[in-house]
Every structure is written in C-alpha cells, then in structure tokens.
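You will see chain A twice below: alongside chain B first, and alongside chain C after that.
Presenting the complex of A and B:
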C-alpha cells in the first residue's frame, strides 16, 4: 500500500490541502468579523492574503532545512527535549480545542437553522466517526478528501447569483474608508477565518516535490483568498452596514436571497454541503494532532486518533456552562496565532544554534 | 487484535447509551399548522393584535383557511398563545405575506416586528410585506368566494407582475435593508379592500421607522424607474388634449452626482423605449411619418420630466429618500454616513433631468 512510503503528496494534493484546511466554518462569519470596516471590507481579504503569504514563507524556509521532520520533531531538535515537548503539548491541546470549536460552531449553526428542536449529540458523534474514518487513511486520504470537498462545494457559488443581481456595486465606494483602529480590529477578528495554511508545518515531510512546495501552497492559499474576496464583495453589495454587523452567518443568508420555485430554503442546501468543508478542515487538524501525540509518546499508534477524537467529543458534550466553553474556544483561536509566528521564532533559533544541531 | 476491538466497543457503548436520552416528540406533518399570512393591527402603544391564516387541508373541513387572532405585546408570545387556540403546532416555515395596518405603520414599531421575523431562521426571505388600510385582521377574515384561499390570493397579488411594476415587492430582507441603510427610506405596497376585492392602491412611504404618507401608483412608478428597474409598467401619459399609453420595453437610468455636499446636484438621464399602444386626441390620424412621432416623443419627454421634477420637489420638502439618490453622494464621502446627512443632502438637492423616450412602433396598425 502507498501508506508505507514516506513521500506521498503530489503537487495538486499540496494545493488542495492548503486550500481546504483554510476554508472551513471561518468563511461563514468572515463578513461579520470584518464588519468594523463597514463597506470597505470588500477588498480586505486581499490584505489578509498578503499577510498569509508573508508568514507562509518562513514556514517553508524552516521546513526546507529539515526536509524529513515535522514541526514537532523540529521543536525538540531546536529547543531541547523538555521545552520542545511541552511546546508540542501546547499545540496538541490547541488543535484539540480548535477541533471542538469548529464542530460546536457548525453544530450551533445546524441547530439554529436546520434542526431547531433536536439535541446535537448524535450528529456530533456521527461527524466525529466520519472524521476518524477519513484520518485513518493517512495524510493522502485527507488530501484526497480535501480535493473532493473543493469540487463538490464550488458549485455553491452559483447561489450567489441572486444576491449579485439585487446588490448595489456602488457600496464599495469610497475605497479605504476606515481608520487604523478599525483596521486592527478587523485583522484581529478576521484573521481567524483564514487560519489553517500553517498545517503545512506538519505535512511538509510527506511532500514529493519539496522545492516547489511554497509555490503550490501559495496557490492554495490564494484560491481560498479569492473565494473569501468573492464572499465579502457580494455581502457588501447585498447588505446594509447594520446587517453586516448583526446578521449571523451572513453567507447562508446570501443563499436565502435566491428564489427557486421548488425549494423554499436554499440555505439548507448550502449548510449541509458545508459539512464537506468543515470535515476537510477538521481532518487536517486531527491528523496533525495525531502526529503530535505520536511524537510525544515517541511511537506510532492508531489509538491516538481515537484518544483525541474522544477528548473532542467530551469537550463538546460535557455540560459545563456556555460561557466557559466560549472562553476556552477563544483561547484556542488566539493560540492559533502563536503557530503563525512560531516558525519565525524557530528560524531565529535555527540560525543561532545551527552548528550545535548539525553536530 | 485487541486494539481493533476498542473502537467497536466504544461505538457500541455510545450507540446504546444514546438510547438513554429522552425520547423526542416528533410531530406528524398533518398536525403542523403552517402559517401563510400574518397580520399586525395596532391596539395601543404596548399591545398589538396578531392574526394568522393557516391553510386547512382536511377534506372534511368546511373552511379552507383557519384564522386565529390574539392580542399580545411580544410577537413570539403571540405565536405561543395562538398555539393554545389551535389544535396544531404552529410553524412559520411557509410564511408568505406579512400585513401591517395603517395605524400600526404610523404609530407602531414595524421595524421591531419585522426584525423578529428576520431573526427567525425558519422564515424564508420571500416573505412579502404590505400595509393595509384600516384593519389587516379583517382583510384576512373577509370572504373571497372566487379565490381558493386568502393566503394564495394575497401572495399572488403581491408577486411582481408587469402591470403592477410600481409595486416595490418589498420582502423582509428589503425592508430590513432599507430600514438600516441610511441612504434609503422604506417603501411598501399599500392594500385596500374595495367591493370585496383587494387592490394594490399606491405605496406607503416610510420616514425613518414610521410610515409618513401614501404615494400614488404613478409616483411609485417613478421610484422604480429611477431605481433602475428594467421592466416597467405601461406608461400612462396625459398631454394637454391627448391621452396615450406606452408599453415600455426597456428603461435605463444613469445618475451622476457633483460630489459636493454643500450644493448637491444630481444629473439624471432616463432612457425609455416602448410601443405606443393607444392614442386618443388631436394627432390620432397624423402619426404616420417619423417626424410626427419624433414630435410626440418630445412632448412625452417634457411631460415625464415635469412629473419627475414635481415628485423630487415633494421628496425634498419632506426630506425623504426612497430612491436612494443620496447613495451617489455617500460613494464619494469619507467617513461615517448617517441618516442626518441623508436628510440634509436631500433637503438641499438640485437636479437636472434628461428624458429620452423612443417609440419603436405603433403596433401593427398604421
């Protein structure tokens, strides 16, 4: 079987892994997160994309120095066993929380719109089982699922048609109508939506053509950014500023603008198709978390997937207050930013300790 | 081998334990009452009367529509109260029309009522809104023997159609959009019962959150034309001694502002093309050559220009902008645009209108 080989990922696998791991539930709330900018948010994803490209570069650079190791190993190599392992613990913890946050967000969406009078225990369980099934196949199966998810969900763009027809392009003017404070606020809240490309830190050793990995990952990132751009642009055309701020799940409301005689609520189609995007994002995270557990316990074991999945399930199901849960998820989001700047820190350490490590 | 068993046991336990949750009450489809029309009537500042119409599919029932009416201060509370009256579970998934009576529009909080529906994910975006003269509840209770049910009647009536193109077809999203966008004031079709028939008689113009006045159908048509609607209702024009009707095929509007908030000025270019379908008056038998038709076009242009000017003059006086004309100024304004700026701009607005009508044919008769 191909899983025995070390190098598994073709160039197109890399493109779609980078693309799909970014494009999860974040996009659903992106227009709302950026709403401090008002109508000027239309072109803002471009700026986020530039930041993403700039931070992608040190990631690839540090990985190219250790072509056969993932970030967990590099942490241990560069920072020593104990600091490295405790950093790794932190990352695994963050991934687990992040997974729980994604699932509970998505389930909240399902509950408020599609299943208003049912508890979500069973759907959560099914979702996690499906997730385990995908991740069990290794990174290649995750990558293949990402590709499938992309091509299955891209036709949803068609549903934006009505919103474009009804919307008003003049909303995007005047360009750059915001101040610094609003911009910082928007970056702080909105950058969450495009997290996910940093996972290349973990699947880099599996890439066949590592020299071109930067190019391919960048392509994936920009496919996502362009989709984000379309979303914010259409939202700006269709909504008033008040609505951008206050309507939850703005994107699904865009689908609702549609009028098909045989379907009352197109948003339900959009929402259920979204499960592919959610799964592809989560699969990449779960796989990375599993690798982390492998490296901490210094042995490979399939059980690790089940352990993480069970923890995620418990975090979602256990009946502690909604407030604590939200706080916990918030923490995991901000810890996500740490992972973005971490490679820069590692690169500096690498330059300082170059000789020692190579000995 | 042992490892393989763990997921199986895990799944088994979870599936078995899932049975321990409380049994959910599933309601069969026949026991769901899908509200088709909702009507709000003004009682006093706190209370409003909510009336709903629910289709009755039981073949043995004599009436095809069930009507329930309660008075309540909160909408959701009203719906719960209706549920106690009804033998069915009330859901809003199939809501089609929301009616608001004139009193409620003038004094009540329409925005809040609609916001509650907009908040509810069950309610689709196709729900149309209309203002009703006198009582909205009575309109639902009225008898329309030639119609299958008042729900379909109202829904069909309010749907876009070429002969009622003055109708803004305001749905929930449009209403919330125009209410919350500072450059717009909402417009909603106005219904009236006449001789046992329901008629769209003009449109209701809101100023801020409350209804301000009623506009005629012709004024509604001007709003639609200036908003850039492509298909317009037949244009009915009365010149001095002549009457004519033009079936419009296409219309295009271009609005440009001078970007100056101190002396705001708009340049409006309206291009229409259509077929002359009826003409009565002096020139009836003379419209044979191109020159004569061009002469007529000129008269029509002048008349339309006057009408638009008159209408804008009125908007200027009451400081209301249902067309979104101030959007052309907001586009070039750095900073936060608010309602006060809209009102100020519209009160100072000057305009320059060019109308260009072209009559493409006069039917198959010469």
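Presenting the complex of A and C:
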C-alpha cells in the first residue's frame, strides 16, 4: 500500500489538530475527575501536560524514522503482518468505541440541558452525518474545522467572568495535602481528559514540515493544557471541595454563574456551542479509524468512513443495559492509555530489529 | 457542432448539383447556392450594383447591418473608389460555404464580383446598443457611476479606459453550440496567476452547453461546486470593480449580450466587499463591512433563535422578557415554528411580488404588504408583534451584502436554520451552524480555499477583510489571487 505522498498539513494545521483532538468533552468533567486531590487540583493539569509532552516525544521519534508511513503501517512493518494487523484491529475498535463514548456522553449532556424529554436518536444521526461530511474532505478539511472550532468557541471563556468574580482566589494555593494513592487516582481518571494528541501517529505522514512537527504539536498540547488549567483554577475558586467531588459536569455549572440581563441560562448556549469541539475531536478520530480500515483492507475506499460511522451509530442506539455500555466505554479508555505507551514499545522493537539487520 | 453538421448536409446536395451544372452556367452558381440557403432568412438582401468591375451583388442581413454603415462602408466606395473595397475586405473561399454563411449571420456584407467570380466580405456589423447608464443594481453614492451595457465591445472599452496597460489582455472565445456567444477573458499578463488562467481556459473549453443568455449561466457551469447554495465567483456590473480586481491579479470574464461580468477567484469575505468601501474613509468603510459581515450571520440566526427559545428553552430568557414575549403571542394559535415560517414566507412573497410588478403597482404592494398584512395579522392574533420586528430586521439585514446572489443565499440558508431550530432547538441550530462552517471550509473558488484568508493563506489580507485599513496599508496583492507580483 502506498501511503499518501502528498504533504498537506501546514504548521498551524498541526498545532490546531493536536489542540482540538485533545479538547473535547473530557474537559467538562476534568475538575470532577481530579477531585480526589481537593483544592490542590488547581495546578494538576501542569503535571498532566508534562506527562503528555514526555510521551509525545517517542511518538514523534518513531514517526520520524518512517516519515511516509502511519502507525498502522509501522505496526505491520515492525511486528509482522499478522500481529500488526491484529494490533491495528484493536486500535480501530478502540477508536470506534471512543467515538461512540464521546457522542453518547455529549448527547446525554444535551438531553439533560437542551433537549429534555426528547429522544436523541435523530440528533445523533445528524451529528454523525455532519461528521462524515467533514471527514470526507480529508485530513486538511478536518484540520481546518479544528481551527475554526477553536476560534469560534474561545469567546466562551468570557462567560467564566462571573464565576471568577464570585470565587475565592485563596483556594488555589497549592497545599500538597494529598498522598500518592490519591495522586495516582487523579492521573488515572484525569488523563482521559487530555487524550487525543496521540493521533499525530496517524497524520504525521501528511505534515509538511516534519522536522518541526514536535514543536508544533507541543504548542497545541500546551494550548489545551492552559485551557484545562484555566478550567481547574476557576472551578477550584468557585466550588467547595465537596461540590467538586459531587457536582456533575462542573464546567457546565460554572456557566450558570453568569448574569446577563437578557440571557439567563448561558450554559445552554455554551453546551450547544460545544458541538464544535466535539465534532473537531471526533473528526480526527474518525479519520484515523478510516485510515486504519484502509490499511487493513489494503485499499482506499470512501465506504470505510460509512462503515465505521454506522458501527458507531449502532453502538449508541442499540438497546442494551447502561452497565455494559459503561464497561465498554471504560475498556476503550484504557485502550487509549495503551496507545499512549505503544510508541515506546515500538521504538524498542525498532532498535532491536535495526541491530539484527546490522549484524 | 450540431448546426455545422446540419449546414454541411444541406449544402452537400446543391454543391453536387453545381458540379453537374458546371458546364452550363458557371458564374451564376455561387450566388444561387447562397440564395437557396438563405431563402427562409428573409432579412438577407441581395442588391445588384453596376460598377467599373462589372456587375456586383451585395449581400447583407438587413437586421444586423445599419443603413448608414452600409452606405458609408460599402455602397459609396463601390460607386467611387473600388480599390478601397479591395484593400479593406477579405477574400472568401467559395468552397467553404459554411464559413460564408456564418459571416453573413454575424453581420458581414458580402460582395460578389460576377466578372472575376470573386467573393469578398466586409465587417459591417452594427449591433443595436444602448448608452452607458447608471447602475441600478449596485449603485453607490461616491465613485464612478457608469456601468456595463449589453455590448461586449463597450464593456471591454470601459475596462481598458481604466487600465491603460499593454499587459492587459483580452482573449476572445465563442461558446454555446447553438448561440455562438462571444466571451472575453480579461487579465493582466504580468500579475495574473498562470495556473488560475489555465484552469479558467480549460473549464471554458470543457463546457458543452447550447445557449448562454446571461453570464450567470456560464458562472454556474464554471464554479467549483455547482451544488452549493453559495456563489463562488463575484458577479458585478461595475467597471471600476472589475478594474480593482484585475489589478489584484484576478481574471474577469465578459460576455456579449450580458450586463454583468464574472471575477474569479473570489473569497467568502469578498462577497461582503463593495467597491465603494475603497472610496469611503477607512473608518466608515470598516463599520459598513463589519455590519455586512455580521449581518449575514445575524440574518440567518435571528428568527431561528426565536423558534428555538420559545419551543425548547424558554428558561434561557429572564422572567420579564419571557413574560413580554408570551404576552405578545398570547392569542397566537400556532407553534413558533409555523408562526415564523408563515411570516417569513409572506415576506418572501412580498419581495418576489415587488420585483415582478410594474413599477407603478409596486407602491400599492408596499402598502398592502407592509401595513395591511403586518398590522392586521398582529391584530388578528395570527403572529406576535415581536416576531414582526425580528423578521423585518432579518429581511433588511439580508439585503446588506453588495452581491445580490449572496443575499439570495442568506435567504435560503435561513430556512435550513429555522427548520433545524424547530426540530431540535439550539442544538439543531448549532448543528446547522457547524454544517455551514464545514461547508464553507470545503468550498473552493478556482482551486483556492473560499474561506481565505481566514484559513490563512496570508494573514496580511485580514487588513482588507472584515475591517478595511487605511489605503496606505493595502498595497499588497491579496493571497487568494496568488499573483506573480507581490
């Protein structure tokens, strides 16, 4: 299979792809996920950011060894056809589940805020159709959409104003009043919110300036981390420790603090605007999953997008118990962690094989 | 292509006959053949004139050649200075009958010299043309007031008058298999992007369409995405507009018997640019641009917002405002979606009726529509008066874009938003908005992204985007034209 030789992505595309694929629904629950740390969570995204930067490095390293291949192809090259292909299958399953998890989480949220007592089947369908429309335009279309999504939703930050005014700044000073167990718990739960930057493993071959890709991706990652930091800061300022643990969708409630004379519930507008962020995250995942299916079937076909989208739709729509669904999504999250460390493993295999070849 | 075949087959037979009759009466034949084929074209006139060179038959089409032109260019020289005719005329090949035929219907006067068996042609085409008048569709307060007419020559001369530059080229082509319409591609050779020019040429060559009554048909056939509701090329009747974009490195296409001209490539932002912006002070121009640009998004958002707020999220509004709204539509029996669709469609009907009416009846329509329907409908309790305010505002906003096609687009897109708001409230509206953004991002104009420079091919273009910076900042060419000069 010849991977695409055409280089499409400029530097700013890379920045915003890395940024937007991280910044989806995860951020909404981030303060709650980190709540085991209490008020000390305010600075915690920094640590997550450092971990992200450290894991980004082996990704770029292994990709720079194969500048024209994506991860699916590298898997096959390094691990042999069968192990590689089964690994790829696993990743595609993970992406599909992850997509379903994002949509169903988001739609639950919409159902509670914007569309109470309404079935979400048709909105889900429309969302997926829109997603297909974006992904059909290729990675460049996805990158452009990510960029627009960022600039369209960044004004939402303004609505945090009231939460800051009402909050207490003294909450944010780090107290280090947590133990290691609580910290590991926070990383385990909170890291989910910043997953997404690993997709560079799939769009790396399309990057124009691959030497600077690390720098650009890092910039994107840190834009997201700073946004996370703002979120946790404001949450910590506004809420009590008990509230942080028990209020669902903490960020959403932050918007509710807003007081405009002509709009009462800013959270509904904020939540529906969030569809841009959700779409940009999912578009990147769907595109990667499509590439995976391309490489498994060894041919390019637009149909692959529709197949994956249909599976995602079925996972969301089919009636099975809430527990099984949650379990499935949980599995996909942990498989996501696997993808983060996978490049380190691949790098070791790469070095070993290189030695073998040299001998 | 089709008509040529037709001509060939009908011509075939007589020419064979000519071969047979060659021996009997040779010199009379060509005239007879032409006569036979123009027997149903009754405005073709044959005049026999006796000159120094013997008998000459003058053939011309009465409706295409003015009497004056004929007198000065043909008849007077024929009587006095026969040499002059031989010098300016072109000799026709008698065997290429279809060519002769084509010349005749495009306004040539043919002269057949019986003695020497020679057929010559003179271009005496004198098209009926109107004078250059003010533009009615794109009028401005400041700036030149002349606009294009339906004559290609006049239009080209209007542009060339503005750009006195030997590098300004115009390539003429004939398109339309039935109408054989003249078009002209204008560009400045040392500024235009050659790749763009090649694209334009090849797209025009590929077009296979019988009739072109207006350049907007050519535009639809040439655009990158013909299914999109958005126009991807600029359409204007103002020569100063054309000149402005030509200097920026764009390509203009003019067509005979069409008042407007195409400019390509164009970006989404430029759809909100009026040439008058450059004549105004930069402060005024910036304000107006800002209004036009955000007016577009407001006009597609205002009424859907009403629908979604009242149908799904009344809790968004503060208590007093909600009370106010509910009071105004207390008597209204319809759900907000139908209420909005009803009044939007009435506005649409008013607009359409107003533009089709004779001007004198138009005023009556304004009174009937505006006062009777507006006030009476509210009093009858069919619609709320707050909605009337919103609809009127959005109707006014939809006329802000200087290109009429763009204002039509905003009308259409608004219905998508109203319907999606009626189905899923704000969620539906945001989905529609996401579609709009995704669609705009995927559009191209002549292969260049339509959203340029927002997808920054060139961040410097933002100086001439939603705001217009003072003229001294605007010396560079824009990114979308990808011009040779910077």
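Note that in this section the second predicted complex is superposed on the first by the 347 of 359 C-alpha atoms of A that agree within 3 Å, B and C clash if a C-alpha of one lies under 4 Å from a C-alpha of the other, contacts with A are read in each partner's own complex, and residues count from 1 in each chain.
In this section, contacts are C-beta pairs under 8 Å (C-beta built on N, C-alpha and C of every residue); 3 or more make two chains touch, one makes a residue touch a chain.
Note that the structure is predicted; figures quoted are calculated from it, not measured.
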Combined model on chain A: chain C and chain B, fit or clash: fit
Contacts of A:195 with chain B and chain C, given as first, second, both or neither: neither
First (chain B), second (chain C), both or neither touched by A:276: second
Partner chain(s) touched by A:265 [first = chain B, second = chain C, both, neither]: both
Angle at chain A between chain B and chain C, C-alpha centres, nearest 10 degrees: 100
First (chain B), second (chain C), both or neither touched by A:134: second
Contacts of A:122 with chain B and chain C, given as first, second, both or neither: both
Touching partner for A:152 - first (chain B), second (chain C), both, neither: second
Contacts of A:303 with chain B and chain C, given as first, second, both or neither: first
Partner chain(s) touched by A:257 [first = chain B, second = chain C, both, neither]: first
Shortest CA-CA distance between chain B and chain C [superposed frame, angstrom]: 5
Chain B and chain C contact sites that coincide on chain A, given as residue numbers: 118, 122, 264-265
Complex contact set, residues of chain C against chain A: 312-313, 315-318, 321, 423-431, 434-435, 437-439, 441-442, 449, 451, 454-456
For the chain B and chain A complex, residues of the former touching the latter: 3, 6-7, 10-11, 14, 18, 21, 24, 93-94, 121-122, 124-126, 173, 176-178, 180-181, 324, 327-328, 331-336
Residues on chain A engaged by chain B in the complex (per definition of touch): 38, 112-113, 116-119, 121-122, 125, 129, 132, 168, 170, 173-174, 177, 239-243, 253, 256-257, 259, 264-265, 302-303, 306, 310
Complex contacts: residues of chain A adjacent to chain C: 12, 110, 114-115, 118, 122-123, 126-127, 130, 133-134, 137, 141, 144-145, 147-148, 152, 261-265, 268-269, 272-273, 275-276, 279
